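For reference, chains read A, B, C and D in written order, and residue numbers begin at 1 within each chain.
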Amino acid sequence: MVVGRVPQNRKARGMSADTIVVYGHDLVNEIIGRWSFAELVYAAITDGSRPTTAQARLIDVLLTTFVDHGVTPSSLAARLTFLGAPEAMQAAVAAGLNGAGSRYLGTMQQAAEMLRDAVLEHKVSRSDPRLSTIACEIVDAYRMAASPIPGLGHPEHKSGDPRTPALMRIARETELAGVHCELLFALGEAYRQRSGKQLPVNAAGLAGAIVIDMGLPPEAAKGLALIGRAGGLVGVVLSELRQPTAQQIWDGLR
Amino acid sequence: MVVGRVPQNRKARGMSADTIVVYGHDLVNEIIGRWSFAELVYAAITDGSRPTTAQARLIDVLLTTFVDHGVTPSSLAARLTFLGAPEAMQAAVAAGLNGAGSRYLGTMQQAAEMLRDAVLEHKVSRSDPRLSTIACEIVDAYRMAASPIPGLGHPEHKSGDPRTPALMRIARETELAGVHCELLFALGEAYRQRSGKQLPVNAAGLAGAIVIDMGLPPEAAKGLALIGRAGGLVGVVLSELRQPTAQQIWDGLR
Amino acid sequence: MVVGRVPQNRKARGMSADTIVVYGHDLVNEIIGRWSFAELVYAAITDGSRPTTAQARLIDVLLTTFVDHGVTPSSLAARLTFLGAPEAMQAAVAAGLNGAGSRYLGTMQQAAEMLRDAVLEHKVSRSDPRLSTIACEIVDAYRMAASPIPGLGHPEHKSGDPRTPALMRIARETELAGVHCELLFALGEAYRQRSGKQLPVNAAGLAGAIVIDMGLPPEAAKGLALIGRAGGLVGVVLSELRQPTAQQIWDGLR
Amino acid sequence: MVVGRVPQNRKARGMSADTIVVYGHDLVNEIIGRWSFAELVYAAITDGSRPTTAQARLIDVLLTTFVDHGVTPSSLAARLTFLGAPEAMQAAVAAGLNGAGSRYLGTMQQAAEMLRDAVLEHKVSRSDPRLSTIACEIVDAYRMAASPIPGLGHPEHKSGDPRTPALMRIARETELAGVHCELLFALGEAYRQRSGKQLPVNAAGLAGAIVIDMGLPPEAAKGLALIGRAGGLVGVVLSELRQPTAQQIWDGLR
């Protein structure tokens, strides 16, 4: 682990009364109006790189996929927090994020780590004929340990997570999908062969694979999901402002 | 206050094993790959509307402007939280958001409310010749009360917040800038006339004015800032993963 | 506002490998086993003073009164957060605290501020014959403004908050109840006279009065409530560990 | 895992306009003024039991030991959060708690789990002559795996955590210290024998052992530490109100 320097002070980072520097780029003359939010997020998680058009498109799609929607534990926690602390919208959004933990976002990071480790270990690259053998070995190991395989299956979408083909289509169009996506689908196929049962690739697992294919660390998958969820949670709080529901939710439970 | 219904259950919102409905739109067939993140955020904060191209562009620029960067109290809180709880990246981002309160984001919402109330009270619209008179009245009232005028001045950028002209240029290009932006600049001019001193329009105030010109509530300005900051805070945590600094920050203080 | 020094480093605070100094006291030789938790909380909120026996008893009773219990928005938010992030118990407790805001704890602080300001303005002390006149003036002002009077009334306990007499009994026994408690009960009596309706003193308002009578700032009332609630929320999370309910709560709502 | 019922509604828990029931006890007639805060915390974490005098004393001492003090990552995060959001004291305390994660409080829970598992596996009880052999086996296993032994050693207090003897003295006085405390000290002794180096028992590990000796789950150790830290963090926020330091901390870093 490389121990970094304490974040540089403003002068060192090039800030003056006239210039604001963000990840090494001039906010006013370079970024505002020229970079999309997805591009700036990519710079944020890579410490300064501007993405290609394809990378920016894929980041944007990942953010979009993880906007929290509907009635989730996170959105309920945000509504109930806002009921008690309407003076602090930020605290309601933060309460919702606090629940975006291992149980929902863990899959994504575990799938990313499993795929990265297997690809590193076997030194495979795209279209490698060994991928199906490797997939079978991984499936056998998880089945032997009676552990769920990260990235496969969905509690509700039994016959297939509908987001998976949509996400994969974009990943292919951007030509950024690579060996980690391939290995993930090979795992789904290997599972079918070995167990005779369907356990299709889920969107969280695919997002994890895409993030590794983009050269980002596994934690970036979780980070992108958190930003998407922040978008959804802000929507939840504004919806609560327009049409309060938290009191009724509470009344229905006590 | 209209009391809303308890959020509809999934069936009522059209969810099935095959369809995921987000703000009234089919996530898989309508949104993924077709809507940008900024468009989905607009839908989230308006409860379902898809923005025009101009509106989506302006939302994206506002998100970009508020990506938290550099060494801020929020980013320091996120780094220090991650030091103690590396198992929970979400908690570090949430800790950073918890500090995105009235002192930094209050200006935006106060400016938005002040401008909205003045426009409603005086029933003025774009290019109204009464704007400068109204601006003078507001300035006089705040000066009489010895209160700072929301949206004017910046503790560091004394001769002008450099983000203001950049943000205003985009707002004009999108043709969404309206009477609230005009009134805000009229306030800056009125202040100069009455006091003989410069107190230029700041970016937070302008963001507040733009949000009202877009027909959104004042709280949407704060909401957009929170999403942008979530982007910055995720970047901060990933930077802390690559190059830990929190221990050194702590060591330097104790 | 007195700007303080940056918190002293460890050497300056007397810490060495052998000594741990907490609020100016030796943790090992002076505090552990000799001070109660309530005494240490008093030292924390006063920056170091050890309370008298009576003060410590009253602090302990206030902490006890605010232990969050039953099905509250805060406890629900904690349960739902723990469902998503079981790896981070602290995040569930923090989510619950995030909702301990103005709507539930605001009363306490507002009552404390109102009572402190009135006592300062009129320079009244215990048993002052002017208290009932002052109370009538305050009641008239709030009724004229159609504002609720902080510390009076309770949405559920219409005929009287049952905690009020219990809390007041202890406050009297400790001989720490003073003019602020007296003025609060005078407000209840004044309201009855002026409106002909009952609006009994609630426990939050009385806690605010007691805190001011103890010479503590209004924010200390909120602080004590937060510590008490942290106790309740830890209980909620441990109960969720023993008998998970959050999934069912969620299932019942979607 | 026993799936619990959805928390009972108020009627079922015995609440009426006249009675408030907390963990099965009447708040007004039974608890306020009769139970200490430590007793109520014990009831909260055991779902209703009133502790013996000895148990209550030990709970109180554990809460006291973990009051967050001095300049810690948690207290710094709380100060910096309060700087940005002074309207929401709860959010500053919550930000501080968010960092009370695995790195600082993990030790306690890991030590508790290690000791509980070893005692269960070997079916040992107090003063069992096999304890030193078991301790040697555990030490050998950890040394073989090159893993740190939870509960031993302290980064600063090299020659011994000064809180350990103080905490152990009380645990002995209450007669609640049992086989888990014994095994922990046996581990320290076994480490000395096997490695020839001192690695004394730390306070976090001892707290974990005490909690198991009291018949509580390992998570209760973390829960008690969170309540203690909430006490310290409220003190930190009140100290920040009296003497603001966060702006200076920030200025010193940027």
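In the analysis below, a contact is a pair of C-beta atoms (placed from the backbone, for glycine too) under 8 Å apart; a residue touches a chain by one contact, two chains touch by 3 or more.
Remember, it's a predicted structure, so these values are computed and weren't measured experimentally.
*Asks:* Would you say B-D or B-C is joined by more C-beta pairs in contact?
*Replies:* Result: the pair with more contacts is B-D.
*Asks:* Using C-alpha centroids, which chain lies at the maximum separation from subunit D?
*Replies:* B
*Asks:* Could you please state the distance in Å, as a whole number, between where the Cα atoms of subunit B are centred and where those of subunit C are centred?
*Replies:* 34
*Asks:* I'd like to verify one number: the distance from the centre of subunit B to the centre of subunit D, where each centre is the average of its C-alpha atoms, in whole angstrom.
*Replies:* Chain centres of subunit B and subunit D, defined by C-alpha means, are spaced 40 Å apart.
*Asks:* Quick check: what residues of subunit B touch more than one other chain, meaning two or more?
*Replies:* If we look for residues of subunit B contacting two or more partner chains, we find 6-7, 9-10, 70-71, 85, 87-88, 90-91, 94-95, 98-101, 249, 252-254.
*Asks:* Could you please specify the touching residues of subunit C with respect to subunit B in the complex?
*Replies:* 6-7, 9-10, 85, 87-88, 90-91, 94, 98, 253-254
*Asks:* Taking the touch rule as given, give the residues of subunit A at its contact with subunit B in the complex, in rising order.
*Replies:* Contact set of subunit A toward subunit B: 1-7, 9-10, 13, 15, 17-23, 27-29, 31-33, 35-38, 40-41, 43-45, 47, 60-61, 63-65, 67, 69-71, 75, 88-91, 93-95, 97-101, 105, 156-159, 162-163, 165-167, 169-170, 217, 219-220, 222-224, 226-228, 230-232, 234-239, 241-245, 247-249, 252.
*Asks:* Looking at the complex, which residues from subunit A come into contact with subunit C?
*Replies:* Residues in contact with subunit C: 70-74, 76-77, 80-88, 91-92, 94-95, 98-104, 246, 249-250, 252-254.
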